[in-house]
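There are structures below to look over.
In the two assemblies presented below, chain A is common to both, partnered first by chain B and then by chain C.
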Partner chain A sequence: MKLFLSLLFLATFVLPFNLYAAKVDDLSPQQIRQLGERMYREGVLPNGEPIQAFAAGDIPVEGTSFTCISCHLRSGLGAIEGTVISPPATGKILYEERTTSIKGNEYVPSYHSYAVNLPPRPAYTDETLAKMIASGVDPNGRSTMAIMPRFQIDDENMAILIAYLKTLSAELSVGATKEMLHFATVIVDGTDPAEIESMVLPLQFSVDRKNSLATASKNNDRIARMAYNMLGPDLLAKRFSLERWVLKGPSSTWRAQLEAYYKANPVFALLGGISHGDWAPVHRFCEDKQLPDIFPQVDYPVLDESSWQTIYLSRGIRQEGEAAARYLAGMSELFKDRPVIQVSRNSRRGSALKAGFNASWAQKHKTPVLDISLPAGVALNVKQLSKIIKTQNPAAVVVWDDASALPALQKIAQTEGWKGLLLTSGTWLGDKIWTLPADMRKKLYLTWPYRLPHENARFNISLKRILSGRSLDDFNFEVISKSYITNEVLGKALKDMRGEYYRDFFLDSIDMLPDTYFPLYERLSFGQGQRFASKGCFIVQLGKGENPQLERRSEWVTR
Partner chain B sequence: MFCKILSLIVLLLLIGTNASAAAKPAAEATIYQVTGYAYDPGESGGDIAVGRVLCATRCNAFSSDYRNYTEAGGWRVIKIASDQEVRVDIDNPFIEGHCLCTADQYKVIVNSVSFPDRTVLD
Partner chain C sequence: MNFKLGLLIATVGVLFTLTGCMGHHMGGMSGMDGMSTADHSKHMKMMNQKGYDRSIARYQIPDLSLTDQNGERVSLKELLQTDKPVIVNFIYATCTTICPLLSMGYIDLQRELGAKSDDVLLVSITIDPEHDTPEVLNAYRKRYRGKSDWVLLTGGRLDIDMALTAFDAYIGDKMDHQPLNFIRLPKQDMWVRLNGMVNGKDFIHELQLAGFPPSRE
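Entry: the complex of A and B
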C-alpha cells in the first residue's frame, strides 16, 4: 500500500514536473528570459493568456493586475513597505537557506534590521518553489502573507517561470566589480563652463569622499568601525570612479560617441549630465544598454512613460505650462464662456510651455485656447494684443516669453476695463522677476517650479558642506542644487542595496525612497516606475516692498 | 593714522556683515499649517460655493510644509497657537472677498537644543 501511494505521489506531482522541466531544457536561455520575463513582469502566460490567481484566499483575480514585479520589483530583490514584506524572489537567494542575518554582514545595523524582518527558512528546491507560488506555503510549511496571490500555473509554465527567476539578478551588473563602482556623467559640448563645474563638483566631491573613506578605513580602526556600521563591509571597501563623457557636434553623432565611451569604460550608471537642448539620443542609448541615468539636468526630458532607465528631476520646462493650465482649470467656472488666450514665443522653450499648457487644458476643457505665436526676433505687439483683449475679453492671457516682454505685459495689465488673469513663466523672466514694478505685481501671476527662494535659503547649509570653503555665489545655484540631489540620492540608494549591485536594483532602490526634502525643489517623490521626481509647481506673485518675496497663490500643483 | 585704519577695518567688517546677511535666511520665522478654510464675500456678493473652492487653493498656498524647515537641518518648529483664524486676501481677479484660513501657528527657530549658545546658523 505504501509503495502504491509513493508511486501515485511520484506519478501525480514529481514526474510531470520533471517531464515539463525537460521541455524547458529545450528552450534557449533567450527564450526562457523572454517568456519568463513576460510572466514575471506582465502576468501573461507564454500563450498570451493572463495568469489566473486567487487573492486574499479565494478572490479570483488576473495575474496582469497582480504581477510579480509589483511587489518583488524589477530586480526581484523585493522591498519592505510598512508592514508588507516582499522578500527577494531571485533564484540566487531563494535557493539558499535564509537565516536572521546576511552572511558576512552580521553586524551591520541596517542589514540586520532588514534581515530580522524575514523569517528563516531552508533553501528552496524547484518543487518547493513551485508549491509556494501555487499555494503560498513555504518550505517550512508556513503560509506567506495573504497579500501574495496564489497563482494557477501549469507545470510547464511554472518551470519556465522558475528558470527565469534563476536568471534574475544572478550576476553583478557591468560597471560593478568587487573593488570598484564605475560612473560617468554626460556633458554636451558648448554648455556654459560655470554650469559644468556646478554640475560636476558635487559628484566629484562624493566620489572623492567615498574613496578617501575607503583608504582611511584601511589605516584607522575607528574610521573603519564607523564606516562598517554605516555602509557595510562591501560598500565600505569599494572605490568609485567618475568619467566625463563629452558629446561634441550634432546630436545625430552622439550615439557613436556614447558607444565608444561605453566600450572603453562600461560604467554601472550615468550620474547627472547636462544639456539645454537635445537629450533624446542619450535617453535612447541608456534604454538600449539598460544603463541607468540618474537626474540628468535637461530642459526637455524624454516624456516616455514606458522608459525605465532614466530618472529625471522633473518634466522640464513643459511642467510650468502644465501647472498653469491646471491652476486656471480650477477656477474656470468663473470664466463664464470667456476664452483663454495663449501667446507663445516660437522657440523650443516657448513651444514646450505651450504644449504642456494645451495638453493639460485639453484634459478638462473642450473649449480651445486661442493661440498666438510670436516669431523669433519679433517683440510682443501690445497694440495688436490690446485690441484682441478688447474684442475677445479673455478670462486669462498666458504669455510664454522672456523678460523682454515685461514692458508689454505691463501695458496689457493696464488695459482699460479688462478684468482677467495675466500669467507667465517665472523662471523665464530670470533675475528680472525681482524688478517687477509695484503696479504690476498684483496683476501678474507666475509659474515657479521650485521651493520659494526665501524658504529654500535654509537649505544652503547643506550645499555649503560640499563647497570646500568656496562661496555658493561662485556656482550656478540651480545646477549645483540639482547635482547635490543626485549625489544624495546616489548615497541613499547604494546604502539600501545591501551589496547587491544590479542596475535594476539600483533603480528599484531609488523608486522605493520616501518623499525627500532637498535643496531647490519643494519635495521629491518616488514610486515604482515613476520617472519624474518633482511633480509640482507653484503659482506665485511678487509681494510688496523694496525687497519683495515670492508669495504662493496655489498649493504645489501636481500633474 | 590709527583712527583711519580702525575706521577702514570697521567699514570692511560692516560690508562683510551685510553681504553675508543677505544670503542668510531669517533666523526666526512664523509659519502656518492650515486645517480648514472658508470664504467671506463681505459686501462683494461673491458666489459662496465658488469662493469656497478658491479659498481651498488660497489657504493651501498659505500653509507651509514644516518639513521644508526641519529637513534643512539646524532649525526646529514649535507650535505656539492652535486653530487661529487668519484672514487673507483671495487674490483673484474674478471674485472679491477674503479667505478665512483656520491654521495652527508655528515658530521656526534655530535648533539650539544641543548647542545652547547658538542663536544664528551660518
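Entry: the complex of A and C
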C-alpha cells in the first residue's frame, strides 16, 4: 500500500515536473515577479483562483489564509521566536547546502521544539523544491512540519513560484549600497520650526554618530573592535545619509515633488516625517514605490488595512475618540439605557475624534449617540446644552473641542441634578490641562494617549543623551520623544538585519521586535503587519494641588 | 477489564511523568546538568519520539474576567470548570512561528475527534491583547476553520499577565513565547503541561493517559 502511495505520489508530483520549464521561459522578469509575488504573498494563482492546500496532513485550507508570508515573511528570510524557527525560503538560501555550524550539533536533541537546530540538508534543486512545496518532503527525505501546508500547484505555476523565490531578497534594495544607506525625512512646509527641529535632531544625531563611528573605526583598531562588537562586520563600516524632503504648496502637488526628490536620491527608507494635516499623498507614494516609512509624526494616519509600507506610532487623533467610546462602553451596565451626548467641533480634529468614537461605540452598542456639531467660530452654547442635559439625562457628555471650551465645560459640569460623566480630549487642551480649576478636576475626564508625564522621568534620561548638553525644555517633548523612538527602532532593526539590506526585511525585522518601553509611550508593540505601534489610551483626571499630576481612571484602553 | 487497563495506563502515565520530568520542568538545557549519561540517552530517546516535554502541575486559576471572540465577557474560572476535558494555550494573531503550530495542533485534534470535537473544550488566550481584539480573534479562528468548541480570549494586559502567571508561563515579551499546552480533565485539579509540538494524535494520546475518554464498565 505504501509503495503504491509513493508511486502515486511520484506520478502526481515529481515525474511531470520535468516538463515544467516550457512556460515560465515565455514570461518576462516583471511578469514572473508579479505572478510569483501574488502566489507568495496572497496565495492566489495566476488565473485568479486561490491555491488549494492541506495542512496538518489532510485539513483542506485555502492558500489565501495560509500564505507563504504568514511564516516566511515578505522578505522570505523567515522568523525566530523563542525556540521555534520559520526557516528562510529565498532561492539564494534554499539553493545552498545547509551544514551545521558546530559539528555534531545535529545530534543534540532540541529541548522544547523541533527546530532549535535546523538539520543539515543538501542544496535544493528546482525538482526537490517543487516536491517540498507540494508534499512537504525535503531533499533529505524528511517531512517538514505539519504546519507547513502542502500546496497544490501545477507545474507551470510551480515554476513561476520557484522563479520568484529565486529573485526574493536576492539583491540589495535601492538606497542601499556597499558603503551607504540613504534615508530621507518628509517635512510638510509650514510646520512649527521648533517641532521640525525636535523631529530632525535625533535622526541627524544618530546619522552623524554612525558616520563618525565608521570613520573612527577605519583609523583606530580599538574603536573598530568596539564597533564590530556593537554593530557587526557590515554595519560598522556603513555610512548613512539623511535628506530633508520639504513638501510645499497644496497636498495635491506633493506627489510630483516626492517623485522628483526620489528620482534625484532613491533612498532606502523614510524616517519619521511630520505633518499636522494631510499625509495620504506620502502614504500612497510609499505604497507605490514599496518604500518603508518608519513612524511619521502625523495627526491623521491613513487607516488602510491593506497598506504595508508605513508604520505609524498610533492611529493618531482618532485613537482618543476610540478609547473614549470603549471606556464608556465598559461602564454601560452602570448607566442603564441613558443616552450619550457627543458635542464635536466641526474641524478635522473634531471630526477625527467623533469618527473614532462613533466607530468604536457602534461595535458594542445599538443605542445611538446624540451628536451635536459646533461650526467653526461658534462657541459652545451652555444654555442649550444644559437644557438638553436636563431633558435627556445623559450617562455621559463627550465634548471634542480645544481649551476655549473650558469655561463652558465648567458650567455644564455644574448642571443641576445631573449625575453623569463629562469627558474631553486631554491632548487638545494643550498646556491648559494643567490649569483646570479645582472644582472641575473631579468632574472632568480626559483622554491621554501617552504614559503619564510624571512617570516619564526615568525614560527621559535616555532621551537627554542625544541633546548634546541642551535642555529638554528647548524642545517639543512629544515630537523629540517620537523621533528618538524612530531612531531606536531603526538601530534595532538594522542590527537584526545583519547586512541584508532589503526593504521587505527592514519592515519584517521591525515587525519581529519585542514590545518596547520608550520615552512618551507606555508600550509599543509590533507584529507581522501591525502598523500602529501604540494601540490605546488612558482615561485620566487632573489631581489636586498646585503642581497637579494626571491620575489614571482606567487601564490602558484599546480599540 | 477495560476499566482496569485504563487505570493501569493512567497510573503508569502519571508515574512516568512524575519520575521522567522531575528535574527539568523549568526548561532550557539547565535541567540536564544533573542527569547521568544513561538518563540522558533515555531522555533523548523520549524527546526524539515525542517532540514535546511533559509534566504535571497544580495551577490556581484566578477569577479573571476576559472577553471571548464574540465580544462576550467570560469568567476564566467558570469557563475552565467544565464537565469536559479542557486544553489551554497562549497565542497571538500576528505570530509567525509558534502560534501557527499551537493552533494547528488544536484543529488537528478537532479533526481527529471528528463529530466528537465538542467533547473537548479548547481555550486560547492571546498574549497580545492590545492588537488582538475580539474581532481579530474571531477572524483568526475562521482562518483556521476552527469549530465551535475553540474559545479565544482577550482582555486587559494585567489580566492576561495574571493568566500567564497562573499557568507558570509568564514571559516578559510575546517574542519569548513558548509552545505550551495545558490539559485538564473534569473535576481534577492537576494539569498536564506539554512543552513542544503537539499534534492531534499526541493530544488524544495525552488525553488517554490522563483517563479520557473514561472507560465504560
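What we mean here is this: the second predicted complex is superposed on the first by the 520 of 559 C-alpha atoms of A that agree within 3 Å, B and C clash if a C-alpha of one lies under 4 Å from a C-alpha of the other, contacts with A are read in each partner's own complex, and residues count from 1 in each chain.
Basically, a contact is a pair of C-beta atoms (placed from the backbone, for glycine too) under 8 Å apart; a residue touches a chain by one contact, two chains touch by 3 or more.
Given the structure is predicted, the values throughout are model-derived calculations rather than measurements.
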When the two structures are overlaid on chain A, which partner does A:Ala256 contact: first (chain B), second (chain C), both, or neither?
neither
Which of the two partners, first being chain B and second being chain C, lies in contact with A:Glu555: first, second, both, or neither?
both
Who touches more of chain A, chain B or chain C?
C
Touch test for A:Cys71: chain B only (first), chain C only (second), both, or neither?
second
What is the contact status of A:Gly529 with respect to chain B (first) and chain C (second): first, second, both, or neither?
second
For A:Ala362, is the partner it touches chain B (first), chain C (second), both, or none of the two (neither)?
neither
Output check: A:Ala438 vs chain B and chain C. Expected answer is one of first, second, both, neither. What do you get?
neither
So, A:Ile80: does it touch chain B (first), chain C (second), both, or neither?
second
Once the shared chain is lined up, is A:Ala170 touching chain B (first), chain C (second), both, or neither of them?
neither
Overlap of the chain B and chain C interfaces on chain A comprises residues 523, 555
Can you check the complex and tell me which residues of chain A touch chain C?
55-59, 61, 65-66, 70-71, 73, 79-86, 109-114, 145-147, 363-364, 511-515, 523, 525, 527-530, 535-536, 555-556, 558-559
How about chain A: which of its residues touch chain B in the complex?
327, 330-331, 333-335, 395, 419-421, 443, 451, 454-455, 457-462, 472-473, 516-517, 522-523, 538, 541, 552-555
Residue set of chain C touching chain A in the complex reads 27-29, 43-44, 47-48, 51-53, 71, 92-98, 100-101, 104, 107-108, 111, 128-131, 133, 135, 143-145, 156-158, 172-179, 195-197, 199-200
Give the list of chain B residues in touch with chain A in this complex.
23-26, 50, 53-54, 57-58, 60-65, 67-69, 71-75, 91-95, 121-122
